[in-house]
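What follows is chain A paired twice: with chain B in the first complex and chain C in the second.
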Partner chain A sequence: MSRPAHQRPAYHKINKDLFVLTYGALVAQLCKDYEKDEDVNQYLDKMGYGIGTRLVEDFLARSCVGRCHSYSEITDIIAQVAFKMYLGITPSVTCNNSSRNEFSLILDKNPLVEFVEELPAGRSSLCYCNLLCGIIRGALEMVHLAADVTFLQDRLKGDSVTEIGITFLKKREEKKYRRKK
Partner chain B sequence: MADEALFLLLHNEMVSGVYKSAEQGEVENGRCITKLENMGFRVGQGLIERINTVLLLVNLFRFTKDTARFKDELDIMKFICKDFWTTVFKKQIDNLRTNHQGIYVLQDNKFRLLTQMSAGKQYLEHASKYLAFTCGLIRGGLSNLGIKSIVTAEVSSMPACKFQVMIQKL
Partner chain C sequence: EISAWGSLVARRERNLRQLYPTGTSKVYGYVTNSKVKFVMVVDSSNTALRDNEIRSMFRKLHNSYTDVMCNPFYTPGDRIQSRAFDNMVTSMMIQVC
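Let's look at the complex of A and B:
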């Protein structure tokens, strides 16, 4: 079957759908397996964590980012480099407190929900994209940063935007850098 | 976009997640394979819908009297081996064989979901877990193209594997 060259780029678009469709099938299966929304949310977060711990290696290899010196720099890189690389979107970043360890990523476009019109009936507290929170948390932990990552707002739940909150927790003590006297 | 890495990682987490929450035993293994296969089925159907939508938009100006895209079953299998496989795994199926009586064997010598796992016989007993989703993917794709089938996979030496498609005559 010969086909004109301009049809080939069309297939690239569909390749992106593979991840989105697979994620949708996964959430649907989890909704069948678990009755409570919190269980599904937790499972997605754990799964995301596993993915994040490995994804960060792929990210660092591809992006060659330098060393970061502040939480806000890290959050900017997550939003402008990592999200762009893997999901093709650039969320905007806001800082939520004066001690500069709480940030928000505001997603006005979310490719994960491209084929989702609304949450299934009886699933009103399902955090459909909770995988993303786990991924960010797992990735940060691999670079020795502890953080709490949750959804603060979700368009699927009726909010006006989708907002992911990242709270950087106190750094763990680096025991190996302590000098023995 | 580097989302192949994302899909690979998601797929692997799905496989280990399904098996973690199951117990040991033949029956449980079968259930896990079925779960993964069913998820693949849904995704395969969705992908064909997307391909149809995208091609429809691209082809609007090219419609002729005969708008059927595929002449016959073999044409559909060739589509799966070339376009569908390239869309999902960025390469074509390396070898397609058929007995012209409804059985097709698709051979991929460097199957993307296995290349990171091993090169040879190591972990062979786990390979089937990582093929279940793709079997469902093929079955789902064919289903939306009007073909009912049973798809199984076998691996003798990673990362090469064979998918066997048995067309079910209705």
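Let's look at the complex of A and C:
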């Protein structure tokens, strides 16, 4: 099967249910392996980090986004391009502080939790979709941006919305401005 | 009783069958191709319920049951404690009673 070298292979559709069930099986198994919610959350984040560092290459190759000039632009691209591309949803973006380095993604729908009605008893601090936080964190790190990514609100825990918070940690070096001195 | 189920399963359709017409109530059974059985007991005084309505009720039950099975935290064989399942059953019962 030959194709032009510069083209990424086209997406082949698979059944979303298989993906959602696989994710559920992953979380359920982690819950059996680790008693504490914090441990499960931590391992989900670690796994997500491993995915994100790799996925970002695929994302940049497929989306051909240009260079971003602000954290707000980056967050918009995560919400409108990346989430759309990989999960089929478009969370809305809000900025949480005046120094414009803290943002929130509000997820209206979340395909990963389609069959989970509520967290099981004794698992009230489980961040079921923590894999997503790790993915975002890993992807940003591969493009030299350090960020803290956590769930601020979660419908599964009884909150009214599901909200992922992204806090960009270091100011990006803007070498081209230093030359002016 | 076992032979009644057996003949249901042997038919390739997931058919419904009236299991015991008794004096006070009618019992309907529905078996899936995964051998999961649903049983519905209907009061004899309810003559309005037709076969195709019963069949669609069983189908709704089957669909909701499938959603319950897809919950990664649900172990097959456990008692069903899903709110969505209970809501579906309640709304079905309200419709026919």
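FYI, the second predicted complex is superposed on the first by the 156 of 181 C-alpha atoms of A that agree within 3 Å, B and C clash if a C-alpha of one lies under 4 Å from a C-alpha of the other, contacts with A are read in each partner's own complex, and residues count from 1 in each chain.
In the analysis below, a residue touches a chain if its C-beta (ideal position, glycine included) is under 8 Å from a C-beta of that chain, and two chains touch if they have at least 3 such contacts.
Everything numeric in this text was worked out from a predicted model, so none of it was measured.
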{"item": "Contacts of A:L21 with chain B and chain C, given as first, second, both or neither", "value": "both"}
{"item": "Which of chain B and chain C A:F115 touches, first, second, both or neither", "value": "both"}
{"item": "Touching partner for A:G50 - first (chain B), second (chain C), both, neither", "value": "first"}
{"item": "Partner chain(s) touched by A:D58 [first = chain B, second = chain C, both, neither]", "value": "first"}
{"item": "Which of chain B and chain C A:G88 touches, first, second, both or neither", "value": "first"}
{"item": "Overlap of the chain B and chain C footprints on chain A, listed as residue numbers", "value": "17, 21, 24-25, 28, 115"}
{"item": "Residue numbers on chain C that touch chain A, as the complex places them", "value": "67, 70-73, 82-84"}
{"item": "Residues of chain A defined as touching chain C within the complex", "value": "17, 20-21, 24-25, 27-28, 31, 114-120"}
{"item": "In the complex with chain A, residue positions of chain B that touch it", "value": "1-7, 9-11, 13-14, 16-17, 21, 35, 38-40, 42-43, 46-47, 50-51, 54-55, 58-59, 75, 78-79, 82-83, 86-88, 90"}
{"item": "Contact set on chain A toward chain B in their complex", "value": "1, 6-7, 10-11, 13-19, 21-26, 28-29, 33, 43, 47, 50-51, 54-55, 58, 62, 85-88, 115, 131"}
